[in-house]
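There are structures below to look over.
Common to both upcoming complexes is subunit A, partnered first by subunit B, then by subunit C.
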Partner chain A sequence: MDSIFFYRNSEKSNDSGKGALQKLKVAVQPNISVKGWPTEAGSAALADFKALEDAVVAERLSGQGANIVGSVKMSEFGFGLKGSQAGCALAEKSADAELMLDVAGEARLAAARAGVYGFKPSYGLISRIGLVGLIPSMETCGILAHNIKSIRDILQTIAGHDERDFSLPDEKMPDFSSQKIDPKKTTLGIIEEVLKDLPSGKRKVLEKELEDLKKAGFVIKELSFPDYSQFMLIHQIVGSVEASSCTGRYDSVRYGRRAPGAKNWNEMYLQSRGAAFGTLLKSYLFQGAFFQFERYNAYEDACRLRAQLVSEMQKLSAKADFLVFPTHNPAASGTVDSLADLYEQFVYTAFANVTGQPALHIPSTVDAGFQIAAKRLDDGRLLDLGDYLLSHRHGGKS
Partner chain B sequence: MNYSQRVFCGKLSQEDVGRTVQLCGWVDAYRDHGGLLFIHLRDRSGIVQIVFSPDFTPSDVCQAAATLRPEYCITVTGAVRKRMEGTENPNIETGQLEVFVDGMTILSESDPLPFVITDKAMVAGVESAGGENVSEDLRMQYRYLDIRRPAMQNNLLLRHRIFQGVRQFLDSRGFVEVETPVLTASTPEGARDYLVPSRVHPQNFYALPQSPQLFKQLLMIGGLERYFQLARCFRDEDLRPNRQPEFTQLDIEASFIDEEFLYELIEELTVKMFAVGGIELKRPFARMSYTEAMDTTGSDRPDLRFGLRFVDVTDAFKSTNYSIFRQILQRGGCIKGINIKGQSEKLSKNVLQNEYAKEIAPSFGAKGMTWMRAENGKLESNIVQFFSEAELDELKRRFDVHDGDVLIMVADPSHSIVTSALGQLRLHLADRLGLIPENSFYPVWITEFPLFEPTDEGGVTSSHHPFTAPDRTDFDPKNIEELLSLKSRAYDLVMNGEELGGGSIRINNRDVQRKIFAALGLTEEDMKEKFGFFLRAFDFGAPPHGGLALGMDRTVSMILRTASIREVIAFPKNRSAACPLTGAPSAVKREQLAELGLLNLGEKEVLPGTAQKENLLDRVSWVSRLGIAEEERPVMETILEQADNLAALVQDLAVSEKPIRSVAPAASRTRPGAKAQRSTLATTGQLLKSAPAVKGNYFKVANIIE
Partner chain C sequence: MEFEAVIGLEIHVELNSATKLFCDCPNNPGDEPNINTCPVCLWFPGEVPRLSRAALEKAALLCLGFNAELQPRSAFDQKVYYYPDLPKGYQLSQAHLPLSRGGWIDIADEDGTPKRLRIHHIHMEEDVAKLVHEMEGRLPISLVDFNRAGAPLVEIVTEPDFRSPHHAMEFLKALRTQVRYVGSSECSMENGTMRVDANISIRPKGTNQMNTKVEVKNMNSIRHVGDAIAHEITRQSMAVTAGESVVLHTRLWDPDKKVTLPMRAKFEGPCVPDPMVPEIILTKQEIEDLRARLPEMPAVRAERFVQQYGFSAEEAIYLSSDPEVAAYFEAVIKDGVAPRTAMHWLTTQLIPAVKDRSQELAQIKVTPARFAALLKMLSNDEINANAAREVLAQLFDSDEPPEAIVSAKGFKQVSDRGALDEMIDKVLGEQAAAVADFKSGQGKAMGFLIGQVMQASGGKANPKIIRELLAKKLV
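Up next, the complex of A and B:
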């Protein structure tokens, strides 16, 4: 057990609280602030940092009666899953649900690893106050759980306007309540460029899933997205620039550890920051700094390309209600030694972070499972489809 | 359209009643009474009410008039009438009159306005609408609309009057207006230059003048004898509230004159300029030496509209038992104070101790502040028990203390800390206690500045510039002590604590000039390199001469009592030295830089602190302040290669879409009704808990320089 948790709450459980999440045991990661808890975000840059106040998500969870049981070991700043125990608490039943940032697909990949549902909500629904982020324009607070109902309940609790978070768009909150799905009126799209790249064994498994869905009455459409590979490119460039910018605050003045013996201010920064980040994350920040200071136009071009990808994805969404993707990339190597290894894992997940659309990992008993995505703010409908698939699999009895 | 018969709105008078006139201008405001339409028509001269009514206006004109909106530009014809009794408008000069319109042409329409222009209410007894609460950047972005406001027009008009007055006056005194170049050479002294690249001489630059100093002295050597110029000058300084990167100064220089000539000339000129704003200045202006100004007000630009002069009481505490004073005096320090007469009611013990002694005085650089209040013939204070009766009696005598007075004193081993802190306290108290009389103007000449200031290296540097004449020429250029005792023949004109301008009598004797350079530790070669062309001119019979420059933006702003100098400049820059109207300064095309040879400029020269930047890896590590360990270098080399490929890839794919930074941007980053406030985490010191090093209530960091 100790190997899963970074910090366990020793205080009495929150059983006085009443609300939609009463008695739900929720794990978080140490980049989600819970007042007084060590919140190091998996990095020496925040060594010994204790949260000064609750993150808005934590406050809202407790407000609805949830028990925040502890924080689970995480990768450095939640980027990738190296060193992360995300999802394990669910597999071992020491938590019913888990919150973690989905920066490039981490929540969905962790869910695939643990065999549970993993949901990345639409961008802009959940307050970021109290979350230690890395790529502000792409990451959202993801939810892992054993069932869709818990995900929906948590989403309804934590989503919504927050006075203090001025990065939240001023949009009307969509309705997340449960609705029935009519397969005959529902089109599922699969991108041929995605299918084509899968090894044949994996491809057959996914095609079998699609075949089952077709039998259940869904309309299956094969769609083309020639620019699909650009999602990774954009995530790499924009993500690294934002990460470099975002971690500028770790200067050993306000938090972290200061390298001893620096003779002046510049040396203090250089040495302390040099020691604060692990080589893998540092290489990402270094890449971002290269774009910022040496090739700024590449970042501008990437932002232009991102605009185009978002609008192309919107056009695709007009042709199908949902898109089906694999979650796990079978071609990715098991060990992550470099940035290139890391990004290989995100081949089927990063698109949703670039476009801000919601995506849900559906576990499977025979395979790593697969992913469904909807257009931005269609989170409620996406969860409805998840519900349908769950009950369909259980022969109509959920 | 023929405008030859046009008359001005604001010039109509009772004598015009009955006349048919043509008016041109803008719709300032309108009131629609269902068929009967009243409009305030505004031109530069003022406003007059025009009336459209089916009774006397043709129906097609009435229809067209119904489409009028604020700031439509129109011309009308009609008969001037006296207004009916009880409908006069005292808000406008022509409030007794109105014009019954019989013809109108809409000359051009206006979009809805970004802010209200009218500031004259249409009916009596109504507060004016006013456009003063508009953000200044919005006003500057639409400056042409802002200038339509009568207040701005008046500012520009009076600025013009002041400038015309200056020209006429100086002309009458035999001064010649000469323009000096704007594209000129960079001088190594003074503030930062604005540079202009030369295309013909690649990688060479003109500098915009910080002042025409050298040229005006050359004009004297050129025998022009009396010169002036309303010169545009440029300084690339960090912006302070009342500074502009470009500004106008009245530059004056004359030959065969002394200080008295300039005092007389400038005083008469200043009196004339201030008279334009209805301000009467008394002559002669006061004069105060630099030493006296510093000793009694702590400033070389003293505000003399109120008292609160310093009294030196150092020797009153020669043998004091109060240990703080004793230690300061042992270290050669001084003690000065101010008697704030009759203000003890407003300055309670609490205010003096908790605000002034604990917060305000330390923020002005003083280590502490001593205060005493005079009550019932005695001095009261938290430390009064440490002083002897004799010392307290001496204080009462020196400060001429009466009941109700408040004494404040600052003691420090450093004379300059005492005068500077006490000077700022003087201004703070005068402002807080309302001791500055409104609409009073107190000009003063500050004279006898020190010629040199000591440098940290034990030498001297010029206080003004190296061409300023010393008060005597028989000095030894190697005797630092003697050099520091020299006074300059420089003078500043100060009004109400602001420096309006300054100047000096210049050196015209080359031997004296050499002695000054020697004193500054500069060799002949050094000087030739810096000012060669200029010094050469002094080899050809330079006349004795001197002059002065007045900051005209500041002077006009003071005469017109505007809140900032931007109010008296037609197209000013904002606080970040940018122009919201034109977008200047702006990026330029690469080709333009290439044409100017600016693409690889400065590559050969190594900038300080950049020895490690030659290699790309080291450079990126340095700018991002990310230290890279030796064993990490191969990883980062690979990263740079890959990133370079990504950059090439994305450049090849480049599309013309507008770049997005977020898929769902917030419409507004400010929440309506939200107030800026300090986080309680900051006020309770909790933020400091996570810091690796703390000192008191601050984060502790390494020194900026070693």
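Up next, the complex of A and C:
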């Protein structure tokens, strides 16, 4: 058994000999459709399901000469990282880059685990056609790679209008091309409420890193976001409600496995769906159904609060060009047995899924991980900062 | 105690756009089962709904036809429930931000006074699949036909302004006419392109109470809607008189027994905003452009027919109630036929003949131009009414011009005064008794003599000229 790959491409490699991604080996996850490949999204709900056509991202990657080498084992519907081998193909160099959905911060966390760069683009840049999602308003296609250049090349390839995806906002595509960062004209913000929750040892390492950047000329600003802890709550409520209706289609009527022996359609639904989903996902779907049917007002409040958080975050963006976060939560438990365990892992990443802004994990000596975020559609500038930090480190330390 | 009914209607209209609401599948639910499906309307993983602009425009025109206010911003929600006719566990519908608000339809009350019935809002939604229950040997099975899944619907929700079955029936007739006018749907309850639910409550006459309502479904004609409402008013009045209370529930109309029967409620949850279908934004300009596409609406056209052609209100309403009839009528007029002649022959001859042949006005060989040519021959006394009726029957099966049929059949009227003079003299010579009767003041003898001359001409003589000549000769 392959320990990392769920499916390996046995066909000959893409030798079209042209395109910006020539010779780049890209792994995907089996919730990103590649025509004819098993696309089970890590769930028994899609057992034996084969993609009917390429996802737009897969089609565009191939169009630019990339080799899609296979799909990597994933968590159920890409929610959390339980059972996921995301990033491992990069660590063992069987892929140069990997695409995976970032639902609550999975791409950034997987990158941190593998010691590579992990990027979550702005919401609305990448066509959803062929992406088997879970939380439509929060997730987007994340990119893992060994360097910023690959991330930028892939972003430039897969982002942009798609006439078949009407859900992409009707707005001008930003310029992703590389530009120089001038530290003296750049403000980095750190949120007080984020720092304060870090264990003091980890906090010192992060502060030391910021001190270094200050020496390099950056303006460092400590900012306050009193409602920061609300991001988790909003992600849980809105995310679970969306996940609950998004998985409604897995009913075994048109595809998927139908549990045998049901006496009527109601039993068929209960038994088939009961067998289709794992415990963790099931409890998430229950939670979503609970908010939808029993606590609708709380759900509505959460939607309002989400809009408020987005605008508060926009105000912070007026005070700093970029925000600095840790990536993973040192306090999170290693095993994920409950929704609480799962969410604990995403304390420092879920904000970007709630607001739709881009965020980038950068490999560093900071043991809680070093993550930077920009305002929505500033993806190009965020990657510029990533480039700068990389060269700065090489210049200063190695 | 005397009760009055408070009634509101919820009307689903299946739009006749070429494609479904969120994909490019043909919107033909009646085709071979599951032929009009694709990964989008079967909700395969990774598919994204794409709102059809054409369906949106059909819905918007329908709203404008009712003087409704199109909303600059409207959006789709998910109506969540689990049933095999719903391929993704929720129906896309506009629960919070409907396409239009307000609007009305004017009808005539029982005693003929005008009454305005208001519309609360109109929203769009997708239709669900059709379930067919069969037996496979002794095993009951359910088959799902997804041809209808994702077909575009609008739901028209009225204010509780209705007080009687008459109001509901007149409203539905006017609604059907108007929707056909804007071309958004056939609106046939018999074919299922219009489906009506009625919410009915009663209260002591003259009060403003809003009491518990009962929803009645499953009527498949406008007459049934009237019957079901009448039955429900009686049922509730008797229950309340007997001291029972009305509880909120849904009942089904049984057209055979002519009663409403309680049905088990379908579980339905609240609606959450859909994160995939973008909001519908309509600019002022877009709304004005749509309004400019509205045809002349039936009430306006009927009023114009009264003014322009001197018809009575009834004649004008009848003629304008079907856009095809009205258009046909105006095309005939344009070819130079007198309005009253055109109206008379269209309503008493052509339309019944079309119905007899189970055809559609738009498809028959009797085009407005051919019909007008026939009527002009009649008006010019080239043929008489009997001949015109016979030629009309021929026009349904023949491509020949009416003039050719008239000459081939020898229907041309004899208007040649010399020839008629001879015939009249001959008849007068033979019918001395009738001539004497006429001269002694018995007016009906004139009719007899005209008939004799007609007979002598083999039915081709022009009766007007016969009368004129006879009158001269008998002085």
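As a working rule, the second predicted complex is superposed on the first by the 390 of 398 C-alpha atoms of A that agree within 3 Å, B and C clash if a C-alpha of one lies under 4 Å from a C-alpha of the other, contacts with A are read in each partner's own complex, and residues count from 1 in each chain.
Simple rule for what comes next: a contact is a pair of C-beta atoms (placed from the backbone, for glycine too) under 8 Å apart; a residue touches a chain by one contact, two chains touch by 3 or more.
Keep in mind it's a predicted model, so treat the numbers as computed, not measured.
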Worksheet item: Following superposition onto subunit A, is the placement of subunit B relative to subunit C best described as a clash or a fit?
Response: clash
Fill in: subunit C versus subunit B, contacts on subunit A by residue
B
Discussion item. Contact-wise, after the overlay, does A:A41 reach subunit B, subunit C, both or neither (first, second, both, neither)?
Written reply: second
Discussion item. Just checking: does A:G142 make contact with subunit B only, subunit C only, both, or neither of them? Give me first, second, both or neither.
Written reply: neither
Worksheet item: Just subunit B (first), just subunit C (second), both, or neither: which does A:G78 touch?
Response: neither
Worksheet item: Does the superposition put A:G274 against subunit B (first), subunit C (second), both, or neither?
Response: first
Item to complete: For A:V241, decide between first (touching subunit B), second (touching subunit C), both and neither.
Response: second
Worksheet item: With the two structures laid over each other on chain A, which partner does A:Q308 touch: subunit B (first), subunit C (second), both, or neither?
Response: first
Worksheet item: A:R295 contacts which: subunit B (first), subunit C (second), both, neither?
Response: first
Worksheet item: What is the contact status of A:V132 with respect to subunit B (first) and subunit C (second): first, second, both, or neither?
Response: second
Worksheet entry | Touched partner set for A:S33, first subunit B, second subunit C, both or neither | second
Discussion item. Quick check on the output: what are the common subunit A residues between the subunit B footprint and the subunit C footprint?
Written reply: 49, 52, 137, 166-167, 169-170, 251, 253-255, 265, 269, 292-293, 303
Worksheet item: Along subunit C, where are the residues that touch subunit A in the complex?
Response: 39, 42-51, 78, 80, 82-84, 87-90, 142, 144, 146, 269-270, 272-273, 275-278
Worksheet, complete the sentence: Per the touch rule, the subunit A residues reaching subunit C in their complex are 33, 39, 41, 46, 49, 51-52, 55, 128-133, 136-137, 164-167, 169-170, 241-242, 245, 247-249, 251, 253-255, 265, 269, 292-293, 296, 299, 303
Worksheet item: Touching subunit A in the complex: which residues of subunit B?
Response: 609, 616, 619-629, 632, 635-636, 638-640, 642-644, 646-647, 649-651, 653-671, 674, 681, 686-687, 689-693, 699, 701-706
Worksheet item: Can you list the residues on subunit A that touch subunit B in the complex?
Response: 48-50, 52-53, 122-124, 137, 163, 166-171, 230, 233-234, 236-237, 240, 244, 251-259, 262-275, 277, 279, 282-283, 285-287, 289-295, 297-298, 300-308, 310-311, 338-340, 355-356, 376
